[in-house]
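Report on the following structure.
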Amino acid sequence: MTDSFWNAEREARVRDSFARQGMMATLGATLEKVAPGAVEIALRPAPAISQQNGFVHGGAIGAIADSAAGYATLSLLPLDTAVLTTEFKINLIAPAVGERIVARGEVVKAGKTLTIAQSRVIAESGGQEKLIALLVATMMAIRNRDGLAG
Amino acid sequence: MTDSFWNAEREARVRDSFARQGMMATLGATLEKVAPGAVEIALRPAPAISQQNGFVHGGAIGAIADSAAGYATLSLLPLDTAVLTTEFKINLIAPAVGERIVARGEVVKAGKTLTIAQSRVIAESGGQEKLIALLVATMMAIRNRDGLAG
Amino acid sequence: MTDSFWNAEREARVRDSFARQGMMATLGATLEKVAPGAVEIALRPAPAISQQNGFVHGGAIGAIADSAAGYATLSLLPLDTAVLTTEFKINLIAPAVGERIVARGEVVKAGKTLTIAQSRVIAESGGQEKLIALLVATMMAIRNRDGLAG
Amino acid sequence: MTDSFWNAEREARVRDSFARQGMMATLGATLEKVAPGAVEIALRPAPAISQQNGFVHGGAIGAIADSAAGYATLSLLPLDTAVLTTEFKINLIAPAVGERIVARGEVVKAGKTLTIAQSRVIAESGGQEKLIALLVATMMAIRNRDGLAG
């Protein structure tokens, strides 16, 4: 990635799109890092996003992991191109407990139409990190369609 | 399923567990149907659960589809046994738009330790139903563990 | 599907493509049924396709389930369009033992670029059928590309 | 991993189990590396394992990727414990062409009952490596069951 490729406009697009995802605000999720092909999203465990035993709900983990992978993909796409998730699989490896949950999205293989991206989700607790989930997704680039932005 | 198997106590367990999922309340999701091996959960599209283009976020779809599959599984498990999702894959087939989104979870194959369950997610619009997502999950039965209920 | 859509040419394309899959012959797999959006492929358990305990190898199950889903998709595509699997997930539900294994592929949702297809895999034993695996795949239509047929 | 954990007996178990997989011999697959939590399996493209366009069939890629992930898991399990794949998802990223295809399996998270393992599959061509597939699987440890070895 050259400096001329990665610029303020590209980063701004990811941040603008994230700000439009009502779901992220509802989950209390925050955009922590935006770099070419790598995006991090975090949230803090809370009753509002829990499953029945008080762990963070798998759906909330899936949501930030999906968004992190999607924005990692978007960061590499042309500015006239939007991205949609066509499928994701998530392995929930350990209960989502801790002080903070971070989804680290990255592009595995960028393609013209389809991009494969993954997110490793870790839980921070007492200064330690623990892998709690792994998501692999297929992202689809959508060009020139009215009403689809980022 | 005999009447002696399926009873008020089993249905109540699913309803109680659903009520403890803070995530479902946060999404505005409602438990629509509870039957042996089949559970429906619905939500209404709203800005609070949207992605960047105003569709319902794939993570919200994943959350209700995961819960519907999980509760379909729980409905068949012994009363001293809890359930955890170990993995799910979701294919997002069409944009989640419409008046109401319904995840219909059902058990594909019940097992002693692992159960395979799926959810078909449909969008209702103008009296029509459209398939928008398909989830297949592996659910794990957890016996006799403190702190895990339903 | 009208008769004018489904004709001998479409069925022949699927049969010709199957005949070109060296992998199917190597597994001893046979094309049992070709209908619009629904294709069945069978194989017989044998040491040549076993895993370490004598069950049919999950990779062989995956191969016929993938091909059945792919050909179900191809049966609905224009004659100038080929199909490639972009991803599949398979849940291996029960050991693959019995007299015959049959993968029943069907289209879940046909799309212009991406089609979602699934295969239910059953084992026949003593006149009984048992579900042993469930595959869900994303198939991609490829138009007008040299060297890609069916 | 200490030397006292990883020893000739453990490596021999993986090699013996691989030798019992008739499917691997049928595909022409070879066991290239066995280390604690990491196993490599290779095959050479050939008409006998092709799909309709002459690429290696996705099912063959899935088979070696599944076995590599399974043996990476088995390498860490107690000697009285066998392993079965409960599910895998594979993203087929690029056509499987080249001189040699290698599946590199590794354990993502080892657990008492379930282990998450992945395989990255690369194609070698003209001294270059290209990522062509990514598999993530759930492996189940089976203890003390007659008839199941390795």
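Brief remarks follow.
In order of appearance the chains are A, B, C and D, and numbering begins at 1 in each one.
Keep in mind that, in the parts below, a contact is a pair of C-beta atoms (placed from the backbone, for glycine too) under 8 Å apart; a residue touches a chain by one contact, two chains touch by 3 or more.
This is a predicted model, so every value here is computed, not measured.
Chain centre most remote from that of chain A: C (centre = mean of CA atoms). More contacting C-beta pairs link the chains of A-B than the other of the two pairs B-D and A-B. The distance from the centre of chain B to the centre of chain C, with each centre set as the mean of the Cα atoms, comes to 29 Å.
Remark: chain B and chain D have CA centroids separated by 33 Å (rounded to whole angstrom).
The centroid of the Cα atoms in chain A and the matching centroid in chain B are 23 Å apart.
The multi-chain contact residues of chain A, meaning those touching 2 or more other chains, are 86-87, 89, 91, 138.
Only residues 86-87, 89, 113-114, 138, 140 of chain C touch chain A when the two sit together in their complex. Listed in rising order, the residues of chain D touching chain A in the complex are 89, 91, 93-94, 108-109, 111, 116, 118, 131, 134, 136, 138. Interface residues of chain D, counted against chain C in their complex, comprise 17-18, 20-23, 25-27, 46-53, 57-60, 62-64, 66-67, 82, 84-92, 95, 147-150.
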